[in-house]
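For reference, the structure discussed in these notes is given below.
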Amino acid sequence: MPDHVYKLVEVVGSSETSIEEAINSAVARASKTLRNLRWFEVVQTRGEIRDGKAHFFQVHLRLGFTME
Amino acid sequence: MPDHVYKLVEVVGSSETSIEEAINSAVARASKTLRNLRWFEVVQTRGEIRDGKAHFFQVHLRLGFTME
Amino acid sequence: MPDHVYKLVEVVGSSETSIEEAINSAVARASKTLRNLRWFEVVQTRGEIRDGKAHFFQVHLRLGFTME
Amino acid sequence: MPDHVYKLVEVVGSSETSIEEAINSAVARASKTLRNLRWFEVVQTRGEIRDGKAHFFQVHLRLGFTME
Amino acid sequence: MPDHVYKLVEVVGSSETSIEEAINSAVARASKTLRNLRWFEVVQTRGEIRDGKAHFFQVHLRLGFTME
Amino acid sequence: MPDHVYKLVEVVGSSETSIEEAINSAVARASKTLRNLRWFEVVQTRGEIRDGKAHFFQVHLRLGFTME
Amino acid sequence: MPDHVYKLVEVVGSSETSIEEAINSAVARASKTLRNLRWFEVVQTRGEIRDGKAHFFQVHLRLGFTME
Amino acid sequence: MPDHVYKLVEVVGSSETSIEEAINSAVARASKTLRNLRWFEVVQTRGEIRDGKAHFFQVHLRLGFTME
Amino acid sequence: MPDHVYKLVEVVGSSETSIEEAINSAVARASKTLRNLRWFEVVQTRGEIRDGKAHFFQVHLRLGFTME
Amino acid sequence: MPDHVYKLVEVVGSSETSIEEAINSAVARASKTLRNLRWFEVVQTRGEIRDGKAHFFQVHLRLGFTME
Amino acid sequence: MPDHVYKLVEVVGSSETSIEEAINSAVARASKTLRNLRWFEVVQTRGEIRDGKAHFFQVHLRLGFTME
Amino acid sequence: MPDHVYKLVEVVGSSETSIEEAINSAVARASKTLRNLRWFEVVQTRGEIRDGKAHFFQVHLRLGFTME
């Protein structure tokens, strides 16, 4: 790791099903343009309510990747 | 949205199964008395432990709804 | 509860599948050496990314137990 | 003040024009149902963007009022 | 606890004598209209000063109660 | 919204006149290179002082936009 | 800047009109006794409510100045 | 209050007996040099331990006073 | 102090009477197994409510002690 | 500064030697692609441990630069 | 990492010379009793002042290690 | 310590070389006018960037001293 510098970006993913799926939707989308994604941290979990239930889980993430 | 004012309330839902279900138990209960619930934010996730495993997931939420 | 004093310890559990399972892996491991575990609080949720998806969910927990 | 107990509620007001007007829209709406409003604290300021400019200022407030 | 949902409200109690009494003044007042109060958390302690001493202790609390 | 992933960026806008104008200067500048800006959150408000008055209002914002 | 040390003080300014004016009232008052004021940061914005509207905007600031 | 500007200072008071007395020791000391002290906020409570008990309660306060 | 390293542990003490007594119950219990306790910091104060009054004060503390 | 808008990015630099060198490794790497870097803020300092000593100092920074 | 659970402990190290050395004094002391130390995070940096200069740098760390 | 009350002030020191030197520059400057400085806490570390490297380390400190 001696020479590595990481960069962090913040994204929000969403899913109708679960928090884990919302995390993966954001990671999958980010990995289309960012190579070398290494870790994520959950910053906040929120969502929309419709008809008396959680309609979307939205997870705000910080993603770290190696700068080449 | 020009004329809308939202109100926020805080509730704690619980579930023996998952964080998502704990969120929905709180949203479902709150929607019995509050119309127009729009969004939730997770404030804290905690739970009870029994017999060496998580027995309840308890999710503290902030719920927003439109004041009519 | 009049005479109880609780102690808190911090652990990080991990799971390839879900946040709930990461919580239970940490609680199960801690209960091998700590009797009387009573509650947990999630401090932070993070994880590793491999091949464009969450490879591990890592949950940092605070665990409370009764001091005998 | 010896006998006073205050209650706090959280609301979000909005305005197309200014932060001050968003605060007043929330205070005015809350004062329709809550007598004795005494103070506010700004918790967060956010807003919507349309066509490259702030379209709404939304101010999340904590309001305090005397319980009679 | 399987079916319980808790609601939280925020109040400020005051006392000329002590922090504990300020907590109890808020709890006592809230219990007139809210049944099933279960726990409190101190959010902030502040107060007024007169003649070079603390004239009032004001304690901002979050109160949790079971929704029936 | 089912398929949306949002990205967040942080900018600081400034204005000699008002906080609202500082917000709009940052939003306007960011919208030159980022399409689909949707919301902003104020992270911090600060400024420079000259000759005993606020010479610049500087507002640190988090901006969210849809990743296409 | 090599030899500069800054000191910070905290003040609260108020205005019946706007947040910007409350900031300037505090900066103007502080500059009567503190030379070399350089920057401000908003710590909190709150206010008094009378007759269903914001009667005062009170802005808590941290002010930085060069120690000579 | 229209023309008031408040200043805040931070002090730490201590007492062998109680948190309230530690608050009053700091307020009493500060009022020797600062006129017009109006309010206090508790920032942190800590203390020294000797012989298995709290030997001192130390309360870190923020004090507000009117600038004349 | 040149060679000292301190360790911190977190405990929760409780008392039916006062916050100070809850602190001392935790310190007394911890000192049975930890020698050289030096200081405490209050992390959070909460409690249980029964019959419309605070039934227990529970104080979450961080305790520091010298590692020998 | 009247027309300036700043953007902030977050990076993590590392060094086997010191915190200052970890900061400079991140700043140097970021300046290859970002012109006009103006300031940094330390968000968090952490590191890896090997053989009972800090093997890497990792510093998470927020970097500000002028948008042209 | 599939089966790993980490535990975290908090320590304070000190040094007359530098922050890095204070980190290493705490890590070295902790590694006498804890095997498998993996990472540290700086929680707070403080110190004592004597004769108008920093006499000790004290660094409060969170240390993570693998539970076997 | 029975009768001591401490006061805290906030300063920012800077150095071209290191964080430790920035701390000492602030402590040295403050000790010219404040006797009895006892401890410091680092509130934030930031700095200026020039030519792709940290040009100044600026450390925001809280300093405590005994009120006589």
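Labels for the chains are A, B, C, D, E, F, G, H, I, J, K and L, by order of writing; each one numbers its residues from 1.
In this section, contacts are C-beta pairs under 8 Å (C-beta built on N, C-alpha and C of every residue); 3 or more make two chains touch, one makes a residue touch a chain.
Remember, predicted model here, so these are calculated numbers, not experimental data.
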Chain labels contacting chain B and also chain J: A
Over-half contact-pair match to A-F, picked out of the listed pairs C-K, D-G or H-I: C-K
Reference chain I; chain at largest CA-centroid distance: F
Interface composition of copies chain D and chain G: same or different, split at half: different
Intercentroid distance (Cα basis), chain H paired with chain G, Å: 22
Chain G-chain K separation of Cα centroids, rounded to whole Å: 38
Two or more partner chains touched - positions in chain D: 9, 18-19, 48
Chain-level touch network, classified as line, ring, star, complete or other: other
Interchain contacts (touch definition) - all pairs: A-B, A-C, A-F, A-J, B-C, B-D, B-E, C-I, C-K, D-E, D-F, D-G, E-H, E-I, F-G, F-J, G-H, G-L, H-I, H-L, I-K, J-K, J-L, K-L
Of chain F, residues touching chain J in the complex: 9-14, 16, 25-26, 29-30, 48, 56, 60
Chain H partner contacts - residues on chain I that touch it in the complex: 18-20, 23-24, 27-28, 31, 37-42, 63
Residue numbers on chain A that touch chain J, as the complex places them: 1-9, 62, 64, 67
Chain H to chain I touching residues, read off their complex: 17-19, 44-49, 52-54, 57
